[in-house]
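First the structure, which I've put down as structure tokens, then a few questions once you've had a look.
Order of writing sets the labels: A, B and C. Residues in every chain begin at 1.
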Amino acid sequence: MTDTANPTEQSDAPPPDPNAVQVTINGVAHTARKGQLVIEAAADAGHYIPRFCYHERMTPVGKCRMCLVEADSGRGPAVTVSCMVPVAPDMKINTESETTKRMQEGVLELLLANHPLDCPVCDKGGECPLQDQAFSHGPGESRFIEEKRHYEKPIPISELVYLDRERCILCDRCTRFADEVAGDPLIHFTSRGNNTQVNTFPDEPFSSYFSGNTVQICPVGALTAKPYRFKARPWDLEQVETTCTTCAVGCRTVVQSSRDELLRYQGVDNDSVNWGWLCDKGRFGFEAVNSEARLTAPAVRTGNSFASVTWNEALDQAVTLIKSAVASGGASSVAVIGGARGTNEDAYAWARLAHDVIGTPHVYSQALDGLRSELLDLPRATINDAANASTIVLLGPDLKEELPVLYLRLRDAAEKRRSRILEFTPRSTGLSKYAWKSILVRPGDEVEAMRTALTDPEIAAQLASGSVVVVAGKANLASIGGLQTDALLKLLDAAPNAKVLPAYRRGNVVGALQLGMTPGSGGNYTAKILADMAAGAMKCVVLVGVDLVSDFPDSQLVEQAFASGTPVIAVDTFLSPTAQRANVVLAAAAVGEKAGTVTNIEGRVQTVAQKVTVAGTSRPDWMIAAEIAGRLGTDLGFRSVDAVTEAIAANVPAYAGITPAALRATRDGLCAVPAPARTLPPSGVEVSAREGWDFRVLVTRELYDLGVNNQMSPSLAGLPRGTRAGVHPADLERLGVADGGRVRVVTERGSLEVTVQADPGVARWTVWLPFNQPGGRVSDLLSSSGPVNDARIEKV
Amino acid sequence: MSTYPWAAGFVAGDRPQIVTSRFQYEDSYTLERYLATGGYEGLRAALAKPAAQIHDDVKNATVLGRGGAGFPAGTKWGLTPAGKFPRYLVVNGDESEPGTYKDRLLMERDPHQLIEGCLIACYAAGLSQCFLYIRGEMALAHERVGQALNDAYAAGYVGKNILGSRFSVDIALHWGAGAYVVGEETALIESLEGKRGEPRLKPPFFPAAIGLYGQPTIVNNVETLSNMPWLLRNGVEAYTAIGTQTSPGTRMVAVSGHVKRPGVYEIVNGTTTFRDLLYGDEFCQGIRKGNDLKAFVPGGGSAPWFTPEQLDLPFEGRLVGAAGSMLGSGAVMVMDHTTDIPKAALSLTRFYAHESCGQCTPCREGGTWLERILERICDGHGTESDLDLLIEVGTSICPGAFPHASSSKLGLEATPFPYKMTTICFVGPSAYAPVHSALTLFREEFEAKLTKRTLIPVTAGH
Amino acid sequence: MSRLSSANLELAKEIISRYPRARSAMIPLLHLSQEQNGYVTREAMSHIAELVGTTAAEVYGTASFYEMFKFEPIGRYCVNICRSISCHLLGADDLLHHAEEVLGVKPGGTTSDGLFTLEAVECMAACTEAPAVQVNYRHRFRVATEHFDQLIADLRAGRLADEIPEHGTLARVRQHLPADKAAGNVDPGVPVSPAWMEAAS
């Protein structure tokens, strides 16, 4: 009984936190975290220590010396680099001592010594850390009367970024970003001492997909972005936080505008998704919204020309087409394709219209470029799950090309030794060189490759040790996703606790799929719908923000479908190649012009904001759907976008509780993930080799292509690399073709003459082609009917 | 007392010789001569005993580092984290400090002695691979050490199973390409990793803990290591019998400038005074043309200056530090009364400004600024305010009091070492040291050069 | 086409093999390319980037830190005159002016015949033998103006050819690390203590 202590004797003091470190900051006691940097601890205690080179998301280098303070660890006050030195028990930190002040003034005066002080003509003026800190911590005047350093004024270091070396303070932020975060060390310090400068290798530009971030993190006006130069002064900008919908990663950003025109996107640091980074396509793609070519009013086609009409006329015509289709062929003679480019509200409204009001099962939001929607029922991983998993299995597209910021997060996981990457891919990807193992798989051999890999004891052991996250997506536009999903199922049998992060590409495709833009019972997918259309079996097809002519990897099928004369209604922001084939075109509002929510690959629901008024009379997709429903006799009850969000929260189990109010209350959004279930069916497809067709066709996307938004953004329009072919050097040698030679790629569908590159990263007996690039339409070569596409390569 | 045509600059005397004993032979750099004069016997003696015991010997002999910091080698070898392997040895042969040269002579004249020293260090401290970093501009040293290594490998003194023992280590000859700052040990490591020679921050990058490739690394100076063979061959007593308790042994000192006989002397540590050195018959034999001594730099270009008042200080680190300067790299530069002090200061400041790696603001901007102001003053365009500005800019590099010598003439008390600094390494402060010394001790020479014209500062525009 | 020649490529591989990490060979390889072409060409930098596994930008960024590397052709003889304190005290300035007149170029300039490039440099570790001069990094001591004229004359006449190789050739002796004698690289990633330590303890 002696060991049962008397409760009154028990101290009710909480157990001491092992991670707490007691320090004194400017005389006041403060509890800091173990390993926390002095600069961060001071910030927590409300003392901002000025800094230039320090950046929370990069390794500290302690170069600019702006953050020097005095700290006493027992041996008297010592000059301390607060961005490098972690707190120590009983450390006395003084951010306000005479010496501290003198050091900060000194460093600032020295930084300004060679700075041109051309603030009035500098993009950064008004939001410039150097300018601000010169006011708050500087001596105010520079006694430097010598001749300043001179360099050629801004030089372009890439298609998108200019560098003004006179303004540069050599903080090593951009160069560290390029090397450490992006893995593209194409800019570097050159020369030495007082002549040190940032530069690229002569005629080798800083062509990184992430170059825009360097502009954002530059603490002075040395790096400026072509699309923004001299466009506005910071004090003219209004901004609101939103989510990028260029791809399905869902990076948080602020959108800034002036005089009702979108001007700039800046990354917002959120722990769950993008850490403040953006890719250049997401950062600069907004230019399309401001494009002269935008649809500003609905239009109706008569013969080969379009005439703008009022919304009343347009909607009446659209409804007439739908009604007569239902009358002649029944509800299932109508199909609705798309909805992946808008918001959750758009997708939900269109799903309700299609399934409940029109009553057709033929509804789908993908154009053969993603895996089946049942993927979303598998146990879902978040991006942080993936970036902290012991093993990341890559079973999908090149993330650097399709989901760029996810690439950054996973690269970081591998570089910082948190995770091992096990990759199965038909062609080396951006992550291959960081992978623990990267296995080249010829399209069609996915299942076999997985089977063999799983018998490798090393791989088995790795999968058995710690958490596993599979990033699954469609790696090849020229073969069906079933091959990939079958391999995935094999892997999941071997690693039953693995979670899946679906690598869908389109901005809100996950939202669309989770909110009902999927086939009802007996419903068809896009390819079958197009086939029926071609066969005259469809009476009306509605295309919601989907450009099949550019995006569907079977141009012949699309051509036949439209040639059938089936009435088509298109909802779009541009008169896209597809919209041009429609009978009625309904002008849709674009990003930045409408509010709502989107769902990223994790299932994370985040808000998108309206910043500018819509182009002309264009309307959000959800509103258009509601209008049509109304004219078809059903009131969906959607009076405002919030009403739609509420309806989703009320009716879609995964979205329960995700109301506008709840979203306003979070920083990182809320996850909407269906209860895990293994609904993904085996495809049962078999691939067999065919005589005389010895090459497998591999078609992948690159970040920049002929997509309408890409082409309508002047800064990005010129960036697609163009159509070319990639073949393994050994195969090329066998063909007797030199690297860089011309070949004709022949398939059953057609042939294409291209330049071929020897690419050891391509699986043997495979011909790689990039999709939707200038200089040769690859979709002309592809058939969506078989499991794979085969080809012959002829020397020309 | 004698000199040798094949060892220009070196002056022997009848003093103990620890590292220069072979300089008398024209072929001192050959393996034959080395073996004929006790070569590799220190190593042989070492291999016969446990590594720990050799390490103790070096500790007990207190072999002070000769690269500048004067840190005891034995102690340094003990600073690597227990159990963390592999560990590397990086030999610092980047000798570039103004006024300094001895490592060059040691590499050109007795490369095998250095190689043997490296091997002893590797054995004693458990260092698995050695990189011998020679300054790029020393073509001859490069050739001599390269040849010596080739011969030593062929004869089985370096590489696999040295002298038939379990002791195996490679020595790779590496060379620089013209950058003084690379002599700083962490910059040396960066450079050896194939990067720009930018010093790393300490903390956390103390080489002994996180050095080459992130592994524990011992960086030692050429002269330091050249002491090891003699020490191992003659024992701790013999070594500590020379010099004083705090500074045993000898050290090589280069005396240059306005003396009758400039030269590199191997002197007895701790006891020899600056007066001996500058005026002694076996040393420099006084100031040229019987001129008066105006000032001298006691420890390489970055050391604060001394005047005749400090002549009787012995060559001993602590005493010199207390007197407001440092021994540094063992280089004394002598200025007679004809010396144009501002110009001399400019020459030194320009050196450090020019050699700044450029990564940290105070050195990159401050060093050049000091140089520009001095230039203006020397060209006769300086103003009164420029003299204060020099101190102001200097204070941005070194906040607080800066060390200087005492001067009864000016009624100055000495301010001892060390100083506070806002820079990452000592190059920044070194650009200021000569300015501060010259201005403190010889302000009138600056004032004599000033114009009366005043200049208007530019104010920060917004 | 001034990537490394096939002979130098072999040398490059041998040099790389001396380091646990290929990138450590960066400076030696840059010297090798300078020896091949007299200066470091762009193609060579791209080639070195491939060999040590980095980008040309990083190679150039590193190379340009070090003053011995030249990025366009210079004279056959690089004549460096020390201007640091010890030489300054003993007349380096006068020697430099004299050299400028004799060669007819300012520091950094190359004579029209492409023979000499004049440089004013910092301390060359010969301070007691001031004023000191280097030609292609080979020392000349206590150089009075008349000695300088003699030196230039000798170089012009090719009398020093076997003592002083063309610019770019640093050392005429190379270290060769015979495979059978080498202990081998020690990989920083493999935490093993050296055999003789175990033997000792």
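Going forward, a residue touches a chain if its C-beta (ideal position, glycine included) is under 8 Å from a C-beta of that chain, and two chains touch if they have at least 3 such contacts.
The model shown is predicted, which means the values in this text are computed figures rather than measured ones.
Because contacts link each chain to all the remaining chains, their graph is best described as complete. Of all chain pairs in this entry, the one linked by the most C-beta contacts is B-C.
Chain A and chain C have Cα centroids separated by 48 Å. Work out the mean CA point of chain B and of chain C, and you get 22 Å between them.
The centroid of the Cα atoms in chain A and the matching centroid in chain B are 54 Å apart.
In chain A, the residues touching two or more other chains are 189, 191-192. For chain B, residues touching at least two other chains, in rising order: 179, 196, 354-355, 357.
Contacts with at least two other chains are made by residues 61, 65-67 of chain C. Across the interface of their complex, chain C is touched by residues 8-9, 50-52, 83-86, 88, 95-101, 103-104, 123, 126-129, 135-140, 142-144, 146-147, 149-150, 153-154, 156, 158-160, 165-170, 172-180, 191-197, 212-215, 254-258, 262-264, 297, 301, 331, 333-335, 339, 343-344, 347-348, 351, 354-355, 357 of chain B. Listed in rising order, the residues of chain C touching chain B in the complex are 18-21, 23-28, 30-31, 52, 61-63, 65-69, 80, 83-86, 88-90, 122-130, 134, 136-139, 141, 170-178, 180-188, 190-197, 199-201. Of all residues in chain B, those touching chain A in their complex are 179, 196, 201, 203-204, 353-362, 364-369, 372-373, 376, 389, 392-393, 395-397, 399-400, 420-424, 455-462. Looking at the complex, you find that chain A touches chain B at residues 61-66, 68, 78-79, 81, 84-85, 99, 102-103, 105-107, 109-114, 117-120, 125, 131, 134-135, 138, 140-146, 169-170, 172, 189, 191-196.
Here chain C touches chain A in the complex through residues 42, 45-46, 54-61, 64-67, going by the rule given at the top.
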